[in-house]
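Below you'll find a set of structures to go through.
Here come two complexes built around chain A, the first alongside chain B, the second alongside chain C.
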Partner chain A sequence: MASVLANLHPEDTVYGDVGDASLPRRFSAAPDALSAEYKVLRERAAILDLSAHLLIEVTGAEAIDFAQRVLARDVEYLTSERCMMSLVLDESGQVVDQVLAFGREDGILLESSAGAGARLLEHLRTHNDEGVEITERDDLTVLGLEGPYAWGVVGRLIDGELAALPFESVVDTTWNDSEIIFARTGFTGEYGYQMLVPKSAVGELWTQSLEHAQAAGQDALELAMLEVRQPIPRHEVTGGANVIEIGANWLVDVTKDAFVGKDAVLEAFEAGTGRRTVGFTGGEGVPTAGTRVYAGGEDVGEVVHAVHSVGLGTTLGLIRVDADLAAAGLEFTVAGSEVTTLTSPYIVPKSWSIPII
Partner chain B sequence: MALRPIVVTGLGIICAAGRDPAEFWQRLLAGQGGLAPVEDEAYAVFEARYAGQVPDAWITSQLTGSDADLDRTAQLALIAARQAVEQAGLSGFDQDRFGIILGKCQATPDAAGLYQPMHRTQDVVAERLGLGGPRILVSTACAAGGNAVGLAKDKILTGEADIVLAGGVDPLLFGTYAGFAGLQALSTGPCRPYSHSDGLNLGEGAAFLLLEPLDLALARGATPLAEVAGYGLSADAYHATAPDPTGRGGASAVRRALADAGLTTDDVGYVSGHGTGTPANDAMEAKVMRVVFGERAGQVPTSSIKSYVGHTLGAAGAVEAVASVLALRHGVAPPTIGFDDDAEPRDLDFVPNTARPMPIDTVVSNNYAFGGNNVSLVLTTPQPPREYEEFPHREAVITGLGPAIGAATGIAELSAAILAGREATGEAPSLEGRTFAPRSLWRHMNQLSRMAIAASRLAWEDSGLKLPRKELDDVGLVFATGAGSAESTGGFDESIALNPNKPAVLSFSNVVLNATGGAVCQTLGLRGPTTTICNGAASASLALDCAVEMIRAGKAEVVLVVAADEAVYGTAQPPGEPVKGSGAVAFVVESADHCAGRDGMPYAKILGTSHLPGEPTDGPEQARPALARGLERLHGAEPALTSGLERLRGTEPALVLGTGGAGEAAAVRTALPHAALTTSVGLAGDCQAASGALNLALGALAIRDGITPAHAGTPEGPGGFVAEPELAAPVAQALVLSESPGSVRGAVLLGAI
Partner chain C sequence: MTIDELRAKAAERQQTCTQIKKMIVSRLDLEIEPDWITDDQPLFGRGLELDSLDVLELYVAIEAEFGVALYDSEMAVFGSVSRLADEVNPALRAS
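Let's turn to the complex of A and B:
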């Protein structure tokens, strides 16, 4: 599925297929495109085409009961002015998707991760014991704003009052006579916002946003996410790893009475075995996923995902190793060269030292 | 047509920047602050030493006789109150028509250093001045003083009083100082609001404004100093101590106040800011200015009186209201002193360092408090007398009940407990088995807030209300408590005793009496008008009064009233007193129109209420005349009731829910010989404000569902005690009594729909 904004993007935009979606990876074919877009995101304000995130509305009398059962975090009292990130698990505790859940007056609205919408929708429908109404909101799409000065863009573009919204707060507002859902979110440690916009209005909003911010593609976004250890399910949910191995415990609430996959998560918690994920840097080149990781000549795990970090100027990635080795400051051998494990965040976001005024 | 104009005719103040209004104003003009290092060596443990203290000589020189033996809080309050009465030129007045509404943030010690009830200071002032009218202690933390002025206006508009002293008081207390120090909220030097926002200084003082209707003031030849044109309350529903950074809560209070006054932002000439000097407050206030005034924000001067006197907590709103009246009178905007001229941003006008003569006809005075309570007052230059319309009569009904008490959690359990005759005196409610709030909030809450939230959610669910977000923004909340959280107060005091530099900061944020009300707003997402009433066991019926006033004034269609108190377990039970219990009880008050519009099923309508002062020397023999007077003074939605009990003849209430106090049964038998009496005490013990609310809930339940707790005693039945929980028929009217000994006696008449 192509981006609804594809006709507005530059001709040399580099697209990539992620799951069921085609999305802009970089907005130029120039060799330094990633680096330039990354800098915009980390130093100024980037506008993000998140149209590969599918919006799914759950309504009906038992919508909250249903959501409470299929989401791994507690959404019982998620009001219409709050959103939260949660995992969706299957019975075996495997990650189906990582969603942003928006409380609504008449139910809940779920935003899939990039390209994962079809699988999520399918999962929700097969688990619909409550008989709730599950609707693909293909009339809406998502734009993101991210960066240390993204709040300024919000002020100029939408409403200054909304820039200082607390994290995970949501406001229903209007832009250019269109009703939009505006949320303070964030993937990269920078000030982050999302706008859920009618497709009929998104072109105009995108165009106007470009007057105040520059576009950044999926590559820059995922790099910046990795740098603050924001989970990227499509890279990290590999090889049957469970929630604890992925390191996404914070997206699960085991104190909740019940949810799909809870038993499996509890079992993994109690077993305490398996591998853990930790960040690393160094080495030569960027190792591919699955590359073996050695400690003292012994195979102790594998590379989950790695990229070249523009911020660090070297390789940055995640390895999944035996639990007792998953600590910062250790040396491992990956593809014949030495790497060092790190504590997150691997980059300190500029937003942490910039107040919203 | 507008409502009856209410004016200020007297001012009183004692604070670090002056011992009376004249000196205070002179020092505001001269930019002469009163912040200085605290000399008491106990404070040497803190890095920050500055505060706005009142010199002892200013107090002693204004007190004579037995007044000099009062505790410091009462002394400050009495001095300011007397000044206001004197300036107003009141010589003779009808005691029963003269009330007092006091804002106070802290529980303060008596002359011997022991905590006394929150309302004690107010009772002392009322007794010494001979005030027999309405008496309300409002404790919305640092917004209380401004809140009191607004409530005073309402009390005159409803016709309950002709004159009301409205103000605030708080002394400088070591524990509070330690708490603010622990929050890293104190500036190490004199505070410099808006320019060098590195923290606040605490202060102390008292201020009063004497309010009366313009027509009566002119008739007796008084000089109106300012009109109290309007006020607005709001809840942030955001955080226990931090203000909502978007400024939404503050902006909404200003907008409501201007709407109440029938004015627009263009009319505003000067804003007296909250201006504490903390980074969170000052940044939020700048946002409020920009959001409310838009492009005009830079042209509306705003300044901080706290730069002179520090943060006087419950008195602050009243101190600043006095300053605002003086600014109007003299046509001068007092400056923010200690202002750093190089401060950024420069888009707002904080009246730096020098007083500015300018025409001012409308002042907005803002206060923001812990618990997310906001208040804005609009004061204007007095206008000539004019025609006005009466305060509207709108019927209000009770539509949801939420008990969380020893015997029951939820109305279904309560009904079952009543029918089974179950007693649970002294027990705490069970909150197990279901959730009442998001876990992330619940786990940080003290028991009082948990009980109150459980009760609130149960009442809300019982009412069947399903409101969209937009309407929740206008749902009011009135919290009633005698003493707030014993758990947090105890935990905080213990931590201070151990080490003043390691206060239990989470407990500290819950020591303010309105913290639980704020937590309810935050959990249920309510952002309408909100206040907190602390008049002991009479708090709930006073809170009901406030809720009805909000509905009558059109400020809310739905108001949640929640009352909560907890016993201090482990302390000896005084012999002869009822067993103390812990609990919370909430009920939903709704305009009858709103309820009908959604096909709601109300329990009862509120026919009338009355509150009378009780004297500390009252014994059982006073119960009878007090009840008779209370019934005479019932007033409310139905105009017929304003003339009291005579109109009730023939339709007397068949049921009275009493407090179980001494002399009550005999009093009821005399005044209402056909009524049966019972009480809620057996269901939970004496839970102070929550027992008052439980009695109201039981009255509503008896009217709709025909059940009420049986009460052992003779005779049984009409003219005696309720013998069976299943009443022969639902009662047409129930009278609910409450009493805060030595302070307030309340009576509420509920009727069938």
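Let's turn to the complex of A and C:
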């Protein structure tokens, strides 16, 4: 599925297939495109084409009961002014997707991660014991704004008062006579916002956004997510790793009575064994996922995901190693080179020291 | 470094992290087991969803428990439990 904005993107935009979607990885084929887009995201304000995030509406008398059962976090009191990030798990505790859940007057609206919409939709439909209505909202799409000065763009583009909304607040508003859902969110630790927009209006909103911000693609977004240890399911849910091994506990609410996958997650947690994920830097080149990790000559795990970090100027990645070795400040050997494990965040977001004014 | 030395070094950090997690759960009266908090998860906004009032409580708690005053520190020290561990136990950074 191509981006609804594809006809507005530059001709040399580099696209990539992620799950069921084709999305813009970089908005230029120039060698420094990733670096430039990353710097916009970390230093100014980036507009993000998130049209590869599918929106799924759940309505009906038992919509909240259904959502409460299929989402790993507690959404019982999620009002239409709030949203929250949650994992969706299967019975074995495996991650189906990481979603953003928006409370709505008549149910709940779920936003899939990039390219994971079809799988999420199928999972929801096969778990629909309550007989709720599950609708793909293909009339809507998603734009994101992230960066230390993204709040200024919100002010110039929509309404300054929306910029200072508390984190995970949601407002139904209008832009250019179109009804949009506006939310304070964020994946990168920077000030972040999302706009759920009718497809009929998104082209104009994208074009006007470019007057105040620069576009950043999926590569820059995922790099910035990695730097603040925001889970990226498509890279991290590999090799049958469970929630505990991924380290995504915070996207699961174990105090909730019941949800799909809870028993499996608790079993993994209580066992306390297996592997854990920790960040690393250094080494020569960028190792591929699955590259073995050695400690004192012993095989203790594998590389989960690694990239070249523009911010660090070297390799940044995640390794999954034996639980008793999953700590920062250790030296391991990856592909013949020495790497060092890190504490997160690996890059401190500029937004943490910049107030919204 | 041998694998046993690496395990010992990891255990030292994990012990400090566990102490911090117990302090957070106790002081903020959270309904989760301390070990449910991971060493690297975000603490504010995303993650543990602590707010500015919680930060004030943690300043006091950290000084009482570890004898370290973080009042003038940047927010980055609260970036994760592991990052806090570096502050309350500087030996972890030096080693």
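Heads up, the rule we're going with is that the second predicted complex is superposed on the first by the 357 of 357 C-alpha atoms of A that agree within 3 Å, B and C clash if a C-alpha of one lies under 4 Å from a C-alpha of the other, contacts with A are read in each partner's own complex, and residues count from 1 in each chain.
Assume contacts are C-beta pairs under 8 Å (C-beta built on N, C-alpha and C of every residue); 3 or more make two chains touch, one makes a residue touch a chain.
These numbers come from a predicted model, not from an experiment.
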| item | value |
| --- | --- |
| Superposition on chain A - do chain B and chain C clash or fit | fit |
| First, second, both or neither for A:Ala164, with chain B first and chain C second | first |
| First, second, both or neither for A:Gly93, with chain B first and chain C second | neither |
| Partner chain in contact with A:Ser80 - chain B first, chain C second, else both or neither | first |
| Which of chain B and chain C A:Gly186 touches, first, second, both or neither | second |
| Chain B versus chain C as contact partner of A:Ile357, first or second or both or neither | first |
| Which superposed partner A:Ala328 touches (first chain B, second chain C, both, neither) | second |
| Spatial angle chain C-chain A-chain B, Cα centroids [nearest 10 degrees] | 70 |
| Chain B versus chain C as contact partner of A:Arg229, first or second or both or neither | second |
| Comparing the two partners chain B and chain C, which touches a greater set of residues in chain A | C |
| First (chain B), second (chain C), both or neither touched by A:Trp250 | second |
| Which superposed partner A:Gly282 touches (first chain B, second chain C, both, neither) | neither |
| Smallest distance from any CA atom of chain C to any CA atom of chain B, in Å, after fitting | 6 |
| Interface residues of chain A shared between complexes with chain B and chain C | 255 |
| Residue ranges of chain A in contact with chain C within the complex | 85, 167, 186, 189, 228-230, 247, 249-250, 254-255, 269, 272, 276-279, 295-298, 300, 324-331, 343-345, 348, 352-353 |
| Chain A-touching residues of chain B, taken from the complex the two chains share | 238, 244-248, 251, 283, 287, 290-291, 345, 435, 437-440, 468-469, 523, 525 |
| Contact footprint of chain B on chain A as seen in their complex | 74, 76-81, 105, 160-162, 164-166, 172, 253, 255-256, 355-357 |
| Residues of chain C that touch chain A when the two form their complex | 1-7, 9-11, 13-14, 31-32, 35-42, 45-48, 74-76, 79-80, 82-83, 85-86, 92-93, 95 |
